[in-house]
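Dropping a structure here in structure tokens format, bear with me for questions.
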Amino acid sequence: MTPDWLLASADALAALVPDGASVAIGTDNSGAPMELARALVRRGTRDLHVVCVPIAGLPVDLLIGAGAVATLETSAITFGEYGTPHRFQAAVARGSLRLFDATCPAIYAALEAGRKDIPFIPLRGLIGSDLLKHRPDWKVQDNPFAAARDPIVLLPAIRPDFALIHADYADRNGHVFIGRRRDAALMAQAARHGALVTVEEVREDVDLMADETTAAAALPAIYARAVAIAERGAWPLGLDERYGIDEAHMAHYGELARSDDGFVRYLDTHVAPRRQAAE
Amino acid sequence: MSAVSRQELLIHTIAGLLAGCRSVAVGASSPIPGAGALLARRRAAAETPARRLHVTILGSRRHNAMNSGGVELFDMAAEGRVDAFFLGGGQIDGAANINLVGAGGEYPRMKVRWPGSFGSAYLYHLVPRVILFREEHTRRVMVEKVDFISAAGPRDDGVYRPGGPIGLLTDLCWFDFDRPRRRFVLRSLHPGRTLEEVRDNTGFAFEVAPDLGPTREPDAATLASIRGPVAAELRDAYPRFVDRVFPAAA
Amino acid sequence: MTPDWLLASADALAALVPDGASVAIGTDNSGAPMELARALVRRGTRDLHVVCVPIAGLPVDLLIGAGAVATLETSAITFGEYGTPHRFQAAVARGSLRLFDATCPAIYAALEAGRKDIPFIPLRGLIGSDLLKHRPDWKVQDNPFAAARDPIVLLPAIRPDFALIHADYADRNGHVFIGRRRDAALMAQAARHGALVTVEEVREDVDLMADETTAAAALPAIYARAVAIAERGAWPLGLDERYGIDEAHMAHYGELARSDDGFVRYLDTHVAPRRQAAE
Amino acid sequence: MSAVSRQELLIHTIAGLLAGCRSVAVGASSPIPGAGALLARRRAAAETPARRLHVTILGSRRHNAMNSGGVELFDMAAEGRVDAFFLGGGQIDGAANINLVGAGGEYPRMKVRWPGSFGSAYLYHLVPRVILFREEHTRRVMVEKVDFISAAGPRDDGVYRPGGPIGLLTDLCWFDFDRPRRRFVLRSLHPGRTLEEVRDNTGFAFEVAPDLGPTREPDAATLASIRGPVAAELRDAYPRFVDRVFPAAA
């Protein structure tokens, strides 16, 4: 019998995300939720508020290009050595995004505050940066514990609706292997409705929480709203030791995403049809 | 041994700037600072008694002293556990403000949009030895005033700031940053570079150290270290850089 | 060659702790730093400020009884089902301790603030408790992000000088296996000078950080000020799967610690002489 | 099947109070609440469709939904991921204030010192369904006014408080807590107990529900469940309790 936490596909997970929802997405390095992003595009999702943890790349460029994103909070959008995020740049140039430029530790601290459900958290640094000028939601206040004047930034907590995560596997109880990718845990914990998780496989032979070593490497099931299998779900990005980045496809994306027309062709070819697992 | 390359000079210079550090972190897409940190680690290990230098290269699995997610680097910096870090910038100005967001036009619809500020607005305040590193030394980068301040240079604003820049390393030269006077001071020219060349390519005013001299080149033993074990260790994080710059590294 | 991070004994670790230092100590359940506590008593340490994370038991009762503690911050002192902390109770009755009664999540949040080196952190709950009356260091302020009146407690950060930890093993690089005992990591990270760690053994055959699973279960070496081997270092408390609690000895302690004289005899017998590893 | 024991009645009652929960946490030294939560988990799994109830018993390795250290329980509670929790008290008063610190004398030099407040001052505010549980029902425990408020009962103070007590379970009875009126209401008497006995042993004023009745006893199937699989599961966290109370459990 299929357990209640396991859904049929990334598309079934995407169906849980209403228009206007806020979603947290991590970096391209490991476990980027590409198939989930494609499923959100297929669903025609609109008006997402995307929080990048603390930066993001391809999945967010894709969602922006497809018109799914209204608001973007990030410390950077980058493909690293694999090209330029043209759809992000085009949206910035058009002014079609509500953009909240941030800095990595501020996004982390705000998610940590979200995880504690405290309304705000102070953070050092930041003062003097122009980021503050454009963040009316960040306040500068005097540290009430200091004897002398000590201005410090207060950040409002971030609680996204969902965290979008791709991971290597879930065990038979729905615990998800994340290794030392603790960002995935932070995102899932801070998310009001938990994580939507795609995995390469469900391993019936594993009980991560039964052993002290593997327990430390798990995202406990309680933080996963639902899980679905999506083989090669990070493609064309890589996943840890399992598969590397598809450089040829990244170059192909970069070429097509350079223009509006090309991007539409990309969507038609690589996103609109449900991708076959073996691809 | 063949002539010292541009990259080798920078790696050697960076390792010298890291002397005495116990812990160094290197951001993403920074192979030269990464190599400099690995060289500094080898030197610390060769001291008597041997000294451990913790090196964390973001994106590397082997050279990574951390296991608590991305926030750990920032917490570590606040805890005083990161002695040195590297920052660059699409623009850097004479007051050591750096811009990683974009140029031209009005924010947010800037003419050129770069990735974003990353952790700069925070680490610049908390890491005691921030090394500004940007290979391109042109008036496009070294500007009088940045179009957007991602991270502000030190100022007299009473803000808690144990950290800040110690200087700026480019393809042409090394500037010290004089914090009380909030100005760069040209300290050394890389081999073959001239003061005139630096002036022509720098958009901000700077001072010239009375004892301006050449940037020291690595000796043969250091070069062997860079080309051999350091290049090999760097491969974990930067395979393509190593293939290109150190094709002979095992 | 002995690496620079490995000292000869718990006593060598204790020698690093000056009188008046603040130390963090965790619960009795797993990895209680008993041999370190004994070594601190042997050194004649005085005026410690002990922060319990978030509660503690035997090591703190021992330190209090030996007169090593001036200030105690804790959410509880308890031996669970293994008796009564008589030395703690006697010190409270005499008024010989500066006592900061707390609540578990406040100690955690303050250590998290310490780890970020932010000066304070807000926390929900607490208001209405008499704890607040006796904590002049805790402030109640209005949440500046709320439209209406919203009082919330602000806690000052805690940064102990040292965290005292006993663990199963250190690997050849000084990384310490802690499994999912993340409290140990929090304490060590928040501590200004890191953790003083005793371990059952150093495993030259292990490199915890080389593998994504075991890396998640490590306390990275950078947070350990120094490590020493102390076999059965948690005795008479237990350590995970390695050994259970010595119930007979707990009963013996409970009997002797009931009186000042009896406690002196306990110290003479079980603490003053360096304990042999095989005991 | 033998008669229902005191513990079995409490376990059964607690499982009923947890109906509909998705996530329950149980503090240390709480075998009866732990058993109640494990029974509730079995019931949820037997629903159609099967429903998962996450149970975390502090101190248990097997029944533990968490892996981020002790702070995780408190963060989870704030996140809204803990539907129910149990609190006791050396003293409990009629306004549902609880005292885990000590009695008599002036704080901090109290005549009797208990362990301390643990997480009560926080969880009492954040967990929607806090079950006050104290087996001893005497005037020593159930007092008019506690000597020290570890965690305050709900009050009209404008403080953010999504959580609070739903009632108080003792060896004698179950009280509902009427939050708007800030009073306990005696709802059910355990088999063999009388209203007079409760009045004699309660130091605070309380109301009596018009439909005051007996606490429902578990049926045979439930008893079998408690004595068999629940007792076996509980052994991981409470071996001595199981040996003493359920000696027949495998």
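When the chains are written out, they are named A, B, C and D in that same order, and each has its own residue count from 1.
Simple rule for what comes next: a residue touches a chain if its C-beta (ideal position, glycine included) is under 8 Å from a C-beta of that chain, and two chains touch if they have at least 3 such contacts.
Computed from a predicted model, the values in this text were never measured in an experiment.
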item	value
Interface with more contacting C-beta pairs, comparing C-D to A-D	C-D
Distance from chain D to chain C - Cα centre to Cα centre, in angstrom	29
Between chain B and chain C, centroid-to-centroid distance (C-alpha), Å	39
Chain centre separation (chain B, chain D; CA means) in Å	58
Contacts with two or more other chains, residues of chain A listed in rising order	109, 112, 116-118, 123-124, 150, 152, 180, 182, 185, 212, 215-216
Shared-contact residues (touching 2 or more other chains) in chain B	67-68, 74, 78, 126
Graph class of chain-chain contacts, one of line, ring, star, complete, other	other
Each pair of chains that touches, named by its two labels	A-B, A-C, A-D, B-C, C-D
Of chain D, residues touching chain C in the complex	28-29, 59, 67-72, 74, 78, 100-102, 107-110, 113, 115-126, 148-153, 155, 157-161, 240
Chain D contact footprint on chain A (complex, rising order)	3-5, 115-118, 185, 189-190, 192, 209-210, 212, 215-216, 218, 220-223
Residue ranges of chain C touching chain D (in the complex, touch as defined)	27, 29, 53-55, 74-78, 80-81, 85, 88-89, 92-95, 97, 99, 101-106, 108-109, 112, 123-131, 134, 149-152, 180-183, 185-186
Touching residues (chain side chain A, partner chain C) in the complex	109, 112, 116-124, 139, 141, 143-146, 150, 152, 154, 156, 177-180, 182, 212-217, 240-241
Partner chain C, residues of chain B touching it in the complex	23, 49-52, 54, 61-62, 64-68, 74-76, 78-81, 126
